[in-house]
């Protein structure tokens, strides 16, 4: 198939996408790199001056940087674990005969269609509010003190909201994969006296591995830049408890209007993203190239 | 046939263009607060008087609005003809030459009627750069019934120590009543607005004469100790996520004994449609400590026009309409006197109809009159602003420091740690910005 | 796991599954319910489930304040427009990568994906300046371009994984019969890839509909979609839960309905090559 002529057409055909994406990346990225070496506050235009790597020094030595790096990893990791495990359990559940399964599936996947901003506003106000929220009322029914979510468990609250949003995505992909599982194989195993637990670990789980990889890859891409949920609820606090890299860059760009600092932060985030990408490529490469 | 169609189409197009030319469309960016929503609903009154001007409203939540208009004006994006901006932005932007001076507000406008404190906050060299739409200071709202039941009377201006004692007496979480509600949500316009006025009262300041931050001073320690003690021990649960709104709904549902916040809250808490305690609210000035200077803040939302706008004339007509005395009359005729935008015009506070409808008018006037953005601290300071410093870096500083203080309130840090972190963070920012 | 279930087992498992499903759906249900309450009712404790004065005043108020249909129309134009533009680019690119791979194909693909991991706020100012200079601020065209570009990597990747499952012999056979390249793509490849393309489009429409950073920061009024509509109801001074719920319900309803009706199509292609 890969004759010389078809390789050429291949290049020509893929060129437009790559070129527009490259321009989309390169033009802002070039400007961003340039800005990152300037003292450039949007509110003091005309005062720009070359300050070398000072922006990077300040960003990397900011105590908030390591805290936000840790929060980013914790957030991404926790949501991945919750959605993958929850997705498998819900997928197995929905793969069983259930009364009104079609409608039930609609209910389960609904959160995926909700805007992140709306998601955060609803959880923050209607559910997690420690005085008038639903959870506070349930706690009072049980005779417990209301949990003060955004003070005592800020990052956990964000993780819950984001997981709720992404769980349906995992369910959709994992359920499709489950439904393609060869029934004969399972039945043969049953004949050999394998229990449900053994079947799950030796047949179902290996079958799902590619789907799980896909879920991890796609979700990571979106979870690294989670922003709306934090912006609407905790504003990165209390302290730095819920500041992730995306939010830290935001505070530089749109609270301090420090374009130089934000640009340096953006570049650092790109480098970190690429490290994660390389890591993921390894993972995916192994799993998807079968 | 074809030709006729073509001609008709041309005429239609031409008509459309001619129509578009006759109308000046003003794009107005504003906050989604009640007074602005009311203004939007009264658009017809303006357009019927000015048929050649049409209004396009962009109503956004406060933080989003601020980032949109700031990005736009700083890059000269030209997306808005009229912007709603705070007293923090006006001096900075006027200094940069980003705002068009308001010099065509018309003969009936009566600039001298604008309250002096507010007027000085939106002027540069005696020229108005934005027109105040509503203004506020801070004061204490309290539950008269609970005070009576506990046998508490107020004689003169309270101190924070007295406030603490009262909060202890009123605090009955088992009965769903918390001693005091204060802002705890991190943000320069949220918890920092209150804590800075507390700092002022304890004799602290944000920066010394050489722009060095002073969070390591004994005054700040005393102020923050009081804040974390009174709100942490005698406040509602979840105080670190409470801003103006959250406290308003707490107070309105009868859960706060006292609440120190913006004077505009007064019209909400006395509105029986929204408040369960509408007839039980008393008002008094915000507490003092070492001094009363700067113990209550000063804020106004104002309408301004970006420099370089092609529609300055029409925009000024609109601003004159929205901030005039007639506009107050208009709102009063439609929605009642209690709902007119407060805190900008002295004549409003001499109007017997308003005084009758608004039991909080005197206290509001007293609070606004006593706030001075220039002399707001016991020791000298280099910046303008009571609860903020009108420098571009303050938004970022206020937000990060606000986060440290909310962490102290949540108990994740001690007061000392929070102040040390605030000091070093602010020092970094100021150094980076080239102040020293 | 595939034991023959007794009727009792079937019923009890169904009850259990429905409880789980309803719990997951609860936040959305609660939002819709709150949108029919008065503001005071919305914050009252204990919360009321059915026995409150059902009111439409929040919807009336929301419609009076902002023209919902204008925002909704913009959301539709932006999400569908960016998807269609993206499809043209993504199909050609994915075709080339799937059937004429070179040594660097994999790298190009993964590089494309990594562009999505950068926090957008870091490049806001550069993009804003470019948009200002090109007169693209607050235009639907500009927004369509941005949404198309940010979602292009996902589209290319989804289509690539789908195309790779298509046996190459069929394409070769078509070529033997003298089909030109455009014909080969339009008449042979696309019909076979319909499920993959359909779900790519749906996913992209959902992502574009919910994108809330660029759509908010690059628009003013003419091109503003529903994300900007929501921003005018979140957290004003005073009570706002009921009005916010009404606005939120209006903003998510179209995409939720589309998603529900098309979930079969969405699922069929949403495998990213995960299912052989």
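Lettered A, B and C in written order, each chain numbered from 1.
As a convention for this text, contacts are C-beta pairs under 8 Å (C-beta built on N, C-alpha and C of every residue); 3 or more make two chains touch, one makes a residue touch a chain.
Quick caveat: nothing in here was measured; it's all calculated off a predicted structure.
Interface comparison, A-B versus B-C: the higher number of contacting C-beta pairs is recorded for A-B.
Farthest chain from chain A (centres taken as the mean of C-alpha atoms): B. Chain centres here are Cα averages; for chain A and chain C they lie 15 Å apart. Here the spacing of chain B and chain C, counted between their Cα centres, is 37 Å. Each of residues 42, 131-132, 254 in chain A touches at least two other chains. In chain B, 67, 71, 75, 249, 253 are the positions where the chain touches two or more neighbouring chains simultaneously.
For chain C, the set of residues that touch two or more other chains comprises 43-44, 124-125, 129, 231, 234. In the complex of the two chains, the chain A residues touching chain C come out as 1-2, 6-7, 9-14, 16-18, 20-21, 24-25, 27-29, 31-32, 35, 42, 90, 92-94, 96-100, 104-119, 121-123, 125-127, 131-132, 134, 136-137, 140, 164, 167-168, 172-173, 175-177, 180, 183, 186-187, 190, 196, 199-200, 210-211, 213-214, 217-218, 220-222, 224-225, 227-228, 232, 245-246, 249-250, 253-254, 259, 262-263, 265-267, 269-270, 273-274, 276-277, 281, 285, 288.
Across the complex, chain A is touched by residues 1-2, 5, 10-11, 13-14, 17-18, 20-22, 24-25, 27-28, 30-31, 34, 43-47, 89-90, 92-93, 95-97, 99-102, 105-106, 108, 110, 112-127, 129-130, 149, 152-154, 156, 168, 172, 181, 206, 209-210, 212-213, 226-227, 230-231, 234, 241, 244-245, 248, 251-252, 255-256, 259-260, 263, 266-268, 270-276 of chain C. Residues 63, 67, 70-71, 74-75, 92, 96, 185-187, 236-241, 246, 249-250, 253, 255, 392-393, 395-397, 399-400, 402-404, 406-407, 409-410, 412-413, 421, 425, 428-429, 432-434 of chain B are the ones that touch chain A when the two sit in their complex.
Residues 39, 41-45, 54, 58, 62-64, 129-132, 145-146, 148-152, 231, 233-241, 243, 251-252, 254-258, 261 of chain A touch chain B in their complex. Residues 27, 29, 31-34, 37, 40-41, 56-62, 64, 67-68, 71, 75-80, 243-245, 248-249, 252-253, 264-265, 268, 273-274 of chain B are the ones that touch chain C when the two sit in their complex.
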